[in-house]
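The first chain written gets the first letter, and so on, giving A, B and C; residue counts start at 1 in each chain.
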Amino acid sequence: MAEIKIKNVAKNFASYQALSDINLTVSDQEFMVLLGASGCGKTTLLRIIAGLETATQGEVWINDRRVDHLPPKDRGIAMVFQNYAVFPHLTVFENIAFGLRMHKHPSAEITKRVHRTAELMHIEQLLKRYSGELSGGQRQRVAVARALAMEPDVILMDEPLSNLDALLRLEMRAELKGVLAESKTTAIYVTHDQVEAMSLADRISVMNQGRIVQASHPVDIYRNPAEKFVAGFIGNPPMNFLVADKQADGRWNVAGQAYDGPSCAENTLDFAIRPEDLALAETGIQAKVNVIEPLGAHLLVTCDVNGAQFRATLDSDAKIGRGDTIALQPNLHRIRWFDPSNGMRKSLEKNDV
Amino acid sequence: MQARYLPYVLIAPVSVFLGLFFLYPFYLVAQTAFYDGAGWSLKNFQEVTSYWKFPISFKNTLWLAAVVVPIQLALALLMATMVNAMKKGRDLVLYIWTIPLGISDLAAGIIWLAIFEQSGFLNSMMHGLGFIDRPTALISYQNPALIFVAIALAEIWRATAIMLVILVAGIGLIPKEYYEAAQVFGAGRWKQFVRITLPLLRPSLSTALVLRVILAFEVFAVVQALGGTLFPVLMSETYAYQFELLNGGAAASVALIILGISIASTIVILRVLRVPKGATI
Amino acid sequence: MTMAASAPRDPRRTGRYVYATAVFLLCAWVLGPLYLLFVNTLSSPEAVNSFPKAYVPEFNFESIEFFMEFAGMTSALWNSIQVATLTMIMSILVGAPAGYALSRFDFKGKETFRILILLTRAFPLPLLALPLAVLFIRTGLDDTIFGLALVHTTLAVPFAVLITFSLFSGIPMELEEAAWTLGCNRLTAFIKVVLPLILPGITASAIFAFVISWNEVFAAAVLTIENRTLTAFLLQNLDTSALHLKFAGGFILVVPALIFIFAVRKYLFAMWGIANR
């Protein structure tokens, strides 16, 4: 059982607090993605799990063993680094074999495993080369193969795809997902790219300023963000926000339209809806079209609603022009509400879909 | 993996070493200089500065540095700029020009002795060109000016490479884009040198100058080889006091005087060539 | 370099000729005196003292023979080799750990330490030989190979620290961290990953330390009496010895240094440039 438990971990550096109050459980064989902007602490957390940093307080458990006082080599982990860290003075074969040699595996076993992992990562033909002769993508595969060859309980990955070009990133993403599913290893993956996170993760932990803001399945995070921060971070184009004022009848006034919302003490809330959950209609939020971007699959329309920027993705064939005022009707099940003072989600009593 | 004590363990050997063989002897030099057998006094300094050879050796040291260092700076700048523009043969030329780095100052003195001494190559050349009939004693007491020239030439030959390497490294750091931008804005070669190269070289220039000036005040073996006692300098006086006159206190005070002018020049150079905050590459 | 379509070819050509000539002259300026030393060394003692001088060496090895047989010469040579080798080993052993610490760690006192290192280079180090002479007499290190090697190491250690600092800084920390995750502790990671990568650089800086010691004059002259090194020996005999002896001595001083500098020239530029920032 390669379950990872992180309890009350905090990390201070001399000048600032990098992590506070981190509690997380990653189940056996789960693919967990730590997602956030740079500086949010995700890499620090990963390094604490790896043993490359020590937490100021808290505990790290791997496989029902407390590991926070152990060096990386005794934690049963393997790691893939952002800049690959492929050893330049060794051949690809020796790189992949490195960890196995350190752990004193018999020679025949080493050769077998190296070949197997190399095949898995499609680099068998490169085994005799040195890293200087390899492209970035190939080096990346060597780094992954090296980690997989260890058959670790946990594999940790620090933005492994961020240095690759866009097309290669796409390919490698799919490959990684397949390879890791097959190897039945628990994985923790750090990235700032939310598309990567959505595509790879069993669960995502969204991090902001040293805290885990929400940890859940990708679709759940997408549909039901716990905070305004998450709502704005996930999704491209990002979620729309409008100011909503409470009406006398308990409903909420959003840009002149009335919608049912949460019953709460506040008089103003943030109304949120995703661009793809808006449709052209006879009645609805009045929006003045500023920019139309025909993206092929759909139209991305950027509008002005009472001075606020408001985006909608509409059907490619929609007949609208710049300067038009259109009416946009939100999908009522997808409306979300947030408390403007602290960004927390305000849920309705009804079920969200 | 952050062993808190590990860095200190690693720097311990150097610290102990330098403490024992640098800081402590430094303290001893100071102590010897300011001690006259009874207590703290300036007697050693007085003795040393009132000796007739002192003004001469002091002047000689300063004059030599004042003449040699600017010439070397200009030469090194020229060579560094030339090397920077080279593509083919750059390695070979750079190696040749930095050969003097590996040559002991004593060897340099001996080499130039071969040229300047009575039966040497300079005389041979002049004879061959018909300027003289027989060999003249060039570096003898009759020609103090010529002795100075010989020593200066030997020093220029030997020590320009020290500045050259620093300047080449410094020039290498200047991104080509700056020159291209200057070109686009109408600056010719000379303007580019004065407006871009020189200002951006300031840190390297100051390092090179400080190093070279300090070494210039320490000049010893070259002078011994070419001039012997005919051209006293501060360092040779220190040596003479310590070794021939067996006067440790006097030797130490001359040593401190050398240190004093080194520090003073360093401060001046660093001041004049300091770079405003943020104005680096 | 782009050429304007209508630019006359002559000025550009002459410019290039002037440039090439200047380069050639400067090379000749450096190599010329060395060549003359070479000529003198390979001439018989009579030729060395004769006038006018020939510009081509006779390839007569008498001077060198005479030099090698001169009393105390071979032992002086051997002493120089020993001192330089000891300096080389000690300066790397003492300096490299500090270079590693500076490149990998942020610790209290780091800045003070760096300044101390820089200060030692700004200081006229040979002067320290004076009090050390007294100290050595008291501790019995006077006139020993080891004693002089200690002084030379003090001279070379700041270079060793700064050079190894830049060498280690060129190795990404990630490589060591990767090794830690693959089963290495700090020491094994250093030996298996870092060391192979900086070995050429460390060798170069070791050779540099060797040359520094080999060439040093003042401290050697002050600290050795019976066990003179080559430089001290030559200095002592400057007034008294015959010309051909001096030149042969100079030659032997110069040649090993030349060979070493040639061997490490690639690193020399990187090292010096960085070490003097």
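Following the convention adopted for this analysis, a residue touches a chain if its C-beta (ideal position, glycine included) is under 8 Å from a C-beta of that chain, and two chains touch if they have at least 3 such contacts.
Small disclaimer: the values here were computed from a predicted structure and weren't measured.
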Chain centres computed over CA atoms; the one at greatest distance from chain B is chain A
By Cα-centroid distance to the whole-protein Cα centroid, the innermost chain is C
Chain-centre distance (mean CA atoms) for chain A and chain C, in whole Å, is 55
CA centroids of chain B and chain C: separation to the nearest Å works out as 16
Chain A to chain B, mean C-alpha position gap in Å, rounds to 60
Contacts with two or more other chains occur in chain C at residues 180
Within chain B, the set of residues that touch 2 or more other chains is 1
Residues in chain A with touches to at least two other chains are numbered 51-52, 71-72
Given the complex, residues on chain B that touch chain C span 1, 3, 6-11, 13-15, 17-18, 21-22, 25-26, 28-29, 32, 79, 82, 85-86, 91, 93-107, 110-115, 117-121, 123-124, 127-128, 134-135, 157, 165-166, 168-170, 172, 203-204, 207-208, 210-211, 214, 217-218, 220-221, 224-225, 228, 235, 238-239, 242-243, 248, 251-252, 255, 258-259, 262-263, 266
The answer for chain C against chain A in the complex is residues 172, 174-175, 177-185, 188, 193, 196-197
Within the complex, chain B is touched by chain C residues 19, 22-23, 26-27, 29-31, 33-34, 36-37, 40, 48-53, 55, 93-95, 97-98, 100-102, 104-105, 107, 110, 113, 116-117, 120-128, 130-135, 150-151, 153-154, 157, 161, 180, 186, 211, 214-218, 221-222, 231, 234-235, 238-239, 243, 246-247, 249-250, 253-254, 257-258, 260-262, 265, 268-269, 272-274, 276-277
Within their complex, chain A touches chain C through residues 50-52, 71-73, 77-79, 81-83, 85, 87-89, 98-99, 102-103, 146, 150
